[in-house]
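These are the structures, in C-alpha cells.
There are two complexes below, and they share subunit A, which is joined by subunit B in the first and by subunit C in the second.
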Partner chain A sequence: MADHIQYNLEERYEFTPKLRKQLLMVIGIGLLLLVAGAVFLALDTGGGHHGGGEHHGGGHHEGGGGGEEHGYNWMTRIWANFWLNGIFFTEIAVMGVLFLAIQYLAKAGWSASFLRIPTAFGNFLPFTGGVLLIVFLFANHDLFHWTHSSLYDKAGEEYDSIIANKAPFFFWPFESGSFPVFWLARFVLYFVLWYWLYTLIKKQHLAEDNIENRLNVKHYDKATVYSAIFIVIFAVTSSTSAWDWVMSIDTHWFSTMFGWYMFASGWVSGLAVITLAVIYLKEQGYLKMVNENHLHDLGKFMFAFSIFWTYIWFSQFLLIYYANMAEETIYFYERLYGYDGIYSPMLVLNLIINFVFPFLFLMTRDAKRKAIFLKVAAWGILIGHYLDFFVMIMPGTVKENGGFFLVEIGTLLMFIGGFVLVFANTLSKYGLIPKNHPMLEESLHHSI
Partner chain B sequence: MADSKLIEKHKYMVGIYDHEEKIIKAVKEVQKQGVKVHEVYSPHPIHHIDTYIGHPRTRIPIAAFLFGATGMLLAIWMISYMLAVDWPMIIGGKNFLPIPTMVPVTFEATVLISALGMVTTFFIANNMGPGKKEAMFDRRTTDNRYALIVDLDKNVAKSSEEIKVVLESLGAEANPKIIER
Partner chain C sequence: MQVTSHVREPLVTNGKTMHDITQDICRQVEAKPTLAWLVAFAISVATLLIGSVALASTWWYGIGVWGLNKTIGWAWDITNFVWWVGIGHAGTLISAILLLFRQKWRTSINRAAEAMTIFAVLCAGSFILMHMGRPWLAHWALPLPNTYGSLWVNFNSPLVWDVFAISTYLTVSVVFWYVGLIPDLATIRDRAKITLEENPLLPTDTAEERKAKKAKRRPISAFMYGLLSFGWEGGAKVWARYEYVALILAGLSTPLVLSVHTIVSFDFATSVIPGWHTTIFPPYFVAGAIFSGFAMVLTLMLITRVVFKLEDYITIEHIEVMNKVIILTGSIVGIAYITEFFVAWYSGVEYESYAFINRAFGPYWWAYAAMMTCNVISPQLFWFRTIRRSLVWTFVLSIVVNIGMWFERFVIIVTSLHRDYLPSSWAMFYPTIYDVGDYVFSFGLFFTLFFLFAKFLPVINMAEVKTVLNSTDEKAKKDAEQRIREEQKQTETETVG
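Then we have the complex of A and B:
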C-alpha cells in the first residue's frame, strides 16, 4: 500500500523553550500543591494524632501492640507519595528500555520508525533511582516495617519470628536489624545494571546513524546482543525489584505472582506512554512515516497487555480467595475492608479502568487505528495503573491516613513534568528517525 | 457463494496467472478498466487482496463477539443453576454462588463457544463443510496458480471478448475458460 513517498529521515525533535517553560510550570505547580498539601497535613495531624494502637478495620498484624508503628507523622504520606511515583516512573522508564530490547531481540521491523521514543525513556532512570534512594535513606522507618530493629530482638517485646526469619534477605551479611546492606546492594545493582545496559544498547543504536554503508549491520548485531543480556537480567530483576520495593512493605505477606503482577502493570503503562508520545509527536508534525498501521499495533499491545494484567491480577486474587488463609487474605482484606474501606473504591475502580474499559473500548479495529481513541485509552490505562500502584503501596505505608488530595496531585505533577522534561530533552539530542536502521524500510511499508 | 440450485446460473471467466505480483497488478488494472472482479483464488494468503478487489470488510468479528457473549451467559447460567439451584453445596466455606470461582469456567466457555461459532459461521458463509462438493474454478489454485474470476453477468458493459483481451494483456494464460455455475 505504501507508495514511495520521500520522508525526511534527518528530522530532529526541537525542544522548544515554550515547552520547557510549560513543563517547569507544571513542576512548579506540583511543588506548590505539595507544599500546600503538606501544610494541611501538618496542621491536621499536629494536635495529637490517634496513636499506633488504634488501627481499625484492617486488623493489621504488624500493629500488634501500641506504639509499634513508631508513630505515623504527616511526613509519611509525602514520603509514601515520592516512593509511589518513583516506582511508577521507574517502571515506565525501564519498560522503554525493555521495548527497545524486545524489538532488537525479535528482529522486529514494524517499530523501527519510532524506536527513538522508547529509547529516550531510559534516561529518566537515574532520576527516579536517586529519588527512591533518598526516600529510602530518610524514610525507611516510615515506609518499611521491616527496618525496625526491635523486630529482630529475641528478648524484646516486639520480636517477630516471621520477619526475623526473613532477615537475611534484607540485612545479609550484617546482623539482623542493623543496616540493610543486601537490600541496598540489590537496589543499586538494579539501577546500575539497567542503566548501564540501556546506555550500551543506546550507544549502538545511535552509532548506526553515522555508518556510511547501510548494509553494515555491525551496530545492529551488537545492540541485539546487549538486548539479549538486558532481557535475561531484567527477567530476574523485574521480579526481585518488585519484592524489594513493593512487596516488602507488607512484610508478612508474600505472593509468588507479585513480580509478574508489577511487571504487567508497569509494562502496559510503558506501552501507553509510548503510544501517547508517538501520537503527540505526530500531532506536532513529526514522525510522518508512522501511520495508522503502526498505531494499530501499539493499540493491540495495550489491549493485549491490559488483558494480561487482568489475568495476572485475577490469578493472584483467585488463589488467595480460594485458599482463604489468614496470612494471605490480609492483603486483600486490608484493601477491601480495612481502614474504613478507603481503599476499596480504588481497588474496584482499578479493575474497571484497567480491564473492562480497555477491553471493550479497544476491541474494535477502528478504535485501535484512530489517534483520538488511542489517546483516551492510553490516558485511561495510565490513570488506572497509577491507581494500581497506589493500591499496592499506600495501604501498607500510610494505612488509614491515605487519600487522594493535594499531596498526591502535587507529587504526580512534579514527576510527570520531570519525566516529560527529561524525555523531550533526550529526544532532542539525536535524530528522530534511526535513518540507517536495517529494518526502517520494513517499517515504512508496515501494513496490517 | 452461490448455491446453484437456488440462484440463477452465472457465467464466470477464469484468468489464470502464475505469479503473485502479476495477479495483484491485474486486479488493480482490471478494475481501472471498468471490469468488476468477482473473486481471487490463491494457494496462499495475499496481503490486502480483499481491499484491492473491493470486498467489504469481514463481519466475522461481530459473529465472534456475539458467540462469545452467548458463551459467557451460557456459562454463568450453567454454573449458577448447578451450584445454587440444582444441588447447592458448601465448598471450601464459600457461599453458594462464589463469583470469583466462576471466572475461569466462564472465560473458557466464552473462548470455546466463540471459536466453535466462528468456525461454523465461516463454513456456512463460504458454503463449505463435510459432504459439500468443492467449488473450485481451477484446481491449480491449490498448487501454484492464481485465478482471477470475473462474473460476466455482472459486467454487461463489456463483452466477454473484450474482458478476455484485458485479462490476457495483463499476463493471464491464453484463452481463459468460461465456467457456468
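Then we have the complex of A and C:
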C-alpha cells in the first residue's frame, strides 16, 4: 500500500522512576490524609457515640436493626472507605478484562491497537482482592449487619426472622451466625476465577507477539475461547458478587436488578478509565496510531453506557417507587430522607453527573473526537460513579456518620495511586502494540 | 480505503459482482410468482381467513368467548401480544443498533428483518384491538378530550405508555424500513423503464413483434415502482443525505427499541402481583425480545434463502453470527430467571417465594419446564460450532426458541394470576377455540404480509450489500492474506540483506 504510514509497532511503555516517585507520593499523601482524618474522627467521636443518645432513645431504623446495638465506632468509616474503594477499583480492573474479552468475542477490529491498555487492568485484582479480604476479616461486624450472630438466635432479643431466612446464603453449611464460609468461599472463587481467566487470556494475547507467521491465528482463537469462558463466568459472578459485596450490606433489602445495576456502574467506569489511559499515553507520545476515530468510538461507548446506566438506575427506581412496597422503598427512603438527609444531595448529584452531564456533554460528534472533551467527560463519569458506589455502600455501613472529608480523600488517593502504579508497571512489561494481532490492520485504518 | 482482516469470513460468496447482486435480488420481484410462492401464499391467506372467522366471532359475541375467568383476566391475548411485540424487536435492532456498531453482516438481513418487525408489531396490535372488544372505539386509548365520548386516559397506567411506545416504534420502524427501500425501488423502476425503452411500440410493428415486445415490457412496474421510489435519482448528494437519515433514524430507534419492551415489562412490573413485580423486568424483557426476534428472523431467512436462492448473500457466516446473538440473549434471559428465583427466596417475601415455587412445581409446571428447556437449555447447543453452522439445527432451534418465548410469557402471565391471595378464587386457565383461532389469525396476517413483501419488494437491501461488497467478499479475504505474506517476505529479505 502506497498510503501506508509506518508506525512503530515495537514501541514499549517506559515506566519512569519519576512517575513511580510521583505515584508513591500520591499514595503517601493519601495515607497522611487518612491518618489525619482518622485522628479527627477519633477525637470527634472518641468519647462516645456521635448523636447516639437520641438515636437509641428514638428506636432504631429498620436497615440498621441490631447493628446499632453494637455501637458506632469511628473505625467503621475507615473500613467502609476501604470497602468502597476496594469494590470500585475491583470493578474497574475486572471491566478491563471484560473489555478485552468482548473485543475477542465480537471480533472487534477498531480497538486492536490499544488492547494492551485494558489488558493491564486485571493485574490490580489480587490487590483489591487482598484488601477486601482483610477488611472483611477484620471489620465484618462493622460493615455487614448479617454477620452478627445474635440475629440468628431465636431466643434472643435481636432475632430477625427475615435475616435468619437468608442465613444459608452466608453461612451454609455451617450454623447460622457462625463463620460465613459460603460467603467467603464465593468471595475467593470470584477473584480466583477472574484472575485465572485473565491470565489465560493475557497469555494468549501476549504470545501472539512472538509468532513467526502472522496468518497463524492459533493464539487469537485460543484467546477467543478463554474470553467466552470468562464472559460466561463473569455473567453469573458479576451479579452474585454484587449481591454478596454490596446488596447484602442492606441486609433486609433486595432487588433483582441490583447485579446488573452495579455492573452498569462498573462497566461505564471501566470504559472511562480506558479512555483516560489511552489519552494520557497519547499525550506522552505513545500510541501514535490511535487517532480521533478511535477516541470517537471510546466516546460513544461512554455516552451509550452512561445512558444504559441511567436506564437501569431509573428502571429500578421507578418500579420500586411505583409499587410502593415498604420492603423495597426503604432503600431509597433511607438515601433520600434517612440519616439526617446527608445522602440526599449525593443521590441527586449522582443522576446529574452520571446522566445529564455525559448525555449533553458527549452528544455531539466533535465532542467525542477531542481529547480534552473526553478527559473532562471521563473524569466526570468516574467522579459520578464513585459517588454512585458511595451511595450504594455508605448508608448501610456508616449510616448517619457518613461524609466526604479527609478519610475519603485519603483512601481514594491511595487506591488511585496503587491502581496507576500497578497499571503502569504491568504495561511496561510487554510491547504496547499487539503487533501481530490479526485485527491490527483494521485498527490502523480505522476511520469513521 | 476499507481494510478487512484476514480472519473475517466472506459475507458474499461465489465471486458475486455488483451486477450479480442486482440480478439475483431483482429476479423474484420481476419474474412471475413461482409455484412455491403461490402455494405458501394461498396457505397464509387461508389461515388468515380461518382466523378471521374466530376474530369476527370474538368481536360479535364479545371477549367472553375466551377462556378468561374471574381470576385470570389476562391470558392468551396478552401472551400473544407480548410475544409478537418481542418478535418485533429484531428488525430495528439489526438495522439500528448493528448499524451503530458497524456490523457489515447486517446488510443482507436488515430489510427482511425490518419488514418482519413491522408485521409482528401489527400482529401484536391486533391483540390489543381484540381485547378492546369494541375496536371501533380504539381511538379512546389516545388522550382525547371527553367531548369525543371517551374518558381522559389515565397517564399513571403503563398501558397508556404502551400506546405511545408501540405506535412511535411502529412509525419509526416503517420510516426506517421505507427510507432503506427507496434506492432499491428506484433500481427496480429503472430496470422496468429500460424494458420500455428497449421495446418501443412502433406503428410499424407486426402483430407478432408487438406481442413479443409486450411480453418484455413492464409498464406497470415502471409506474408503480416509480411512484414508490419518490423520484430517487441516486446523485452523490442524495446518497449523502440517505446515509445521514439512516444514522439519525438509527440513533432514534436505538433508545426506542429498548423502550418498547421496557414499557411492555412495566405493564406487569409496576403492579404488586407476585411474579410480576420485580425490578429486573425491563432489561430482561428486552433481552428476551431480541432473543425471540432473532429466532424468528432465522426461521424466515432460512426459508427465504433457499426459496429465492440467496445462499451467496445469506451465508453460513450470517447464520452463525445470528446464532451467537441467540446464545447471548438466551443466556441473559437464563440469568434473569435464576436471579428472579434466587431473590424470590432471598427476599423472604412469602408470596413471592410461593409464586415462583408454584411456577416450577405447581399445576403449570409443564409450561415452566417448556420455558426453561426451550429458552435456557436448547440455545446452549449453539456453543458447538458445528451446530451453529448447521442449517437443520438452526432451523429447528429457532422454532424451539420461539415456542419457549411464548411459554415464558404464558408462565409469567397465567401462573402469576391463577393463584391470587384468596385461595377460594384460585383457578386454571383453559383456552377456548376462540383463543386459538385469534392466535391463528395473527399467524395468517403475519405470513400473508411477509409473503407479499417477499414477492413484491427486494428481500435484501441491494444498495447496502453493494457498499460492503468490496470489503467483504472472498477477494477481500484473499487480498488481506496476500498482503500479510508480502509484508512478511519483505521483512525477511530486509533481515537477510
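By our rule, the second predicted complex is superposed on the first by the 425 of 448 C-alpha atoms of A that agree within 3 Å, B and C clash if a C-alpha of one lies under 4 Å from a C-alpha of the other, contacts with A are read in each partner's own complex, and residues count from 1 in each chain.
Here is the rule we go by: a residue touches a chain if its C-beta (ideal position, glycine included) is under 8 Å from a C-beta of that chain, and two chains touch if they have at least 3 such contacts.
Quantities reported herein were computed from a predicted structural model and do not represent experimental measurements.
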item: First (subunit B), second (subunit C), both or neither touched by A:202; value: neither
item: Which superposed partner A:399 touches (first subunit B, second subunit C, both, neither); value: neither
item: Touched partner set for A:439, first subunit B, second subunit C, both or neither; value: second
item: First (subunit B), second (subunit C), both or neither touched by A:235; value: second
item: Partner chain in contact with A:256 - subunit B first, subunit C second, else both or neither; value: second
item: Residue contacts with subunit A in the superposition, subunit B compared against subunit C; value: C
item: Partner chain in contact with A:322 - subunit B first, subunit C second, else both or neither; value: both
item: Subunit A residues contacted in one complex by subunit B, in the other by subunit C; value: 1, 318, 322
item: Residue ranges of subunit C in contact with subunit A within the complex; value: 1-8, 100, 102, 255, 258, 262, 266, 269-272, 277-283, 331-332, 335-336, 339-340, 343, 346-349, 383, 480-481, 483-485, 487-488
item: Residue numbers on subunit B that touch subunit A, as the complex places them; value: 47-48, 61, 65, 92-94, 100-101, 103-104
item: Complex interface listing, subunit A residues touching subunit C; value: 1, 3, 107, 109, 161-162, 165-166, 169, 213-215, 217, 220, 228, 232, 235-236, 239, 243, 254-260, 300, 307, 311-312, 315-316, 318-320, 322-323, 325, 327-328, 438-439, 441-442, 444-445, 448
item: Subunit A - residues contacting subunit B, complex; value: 1, 314, 317-318, 321-322, 324, 363-365, 447
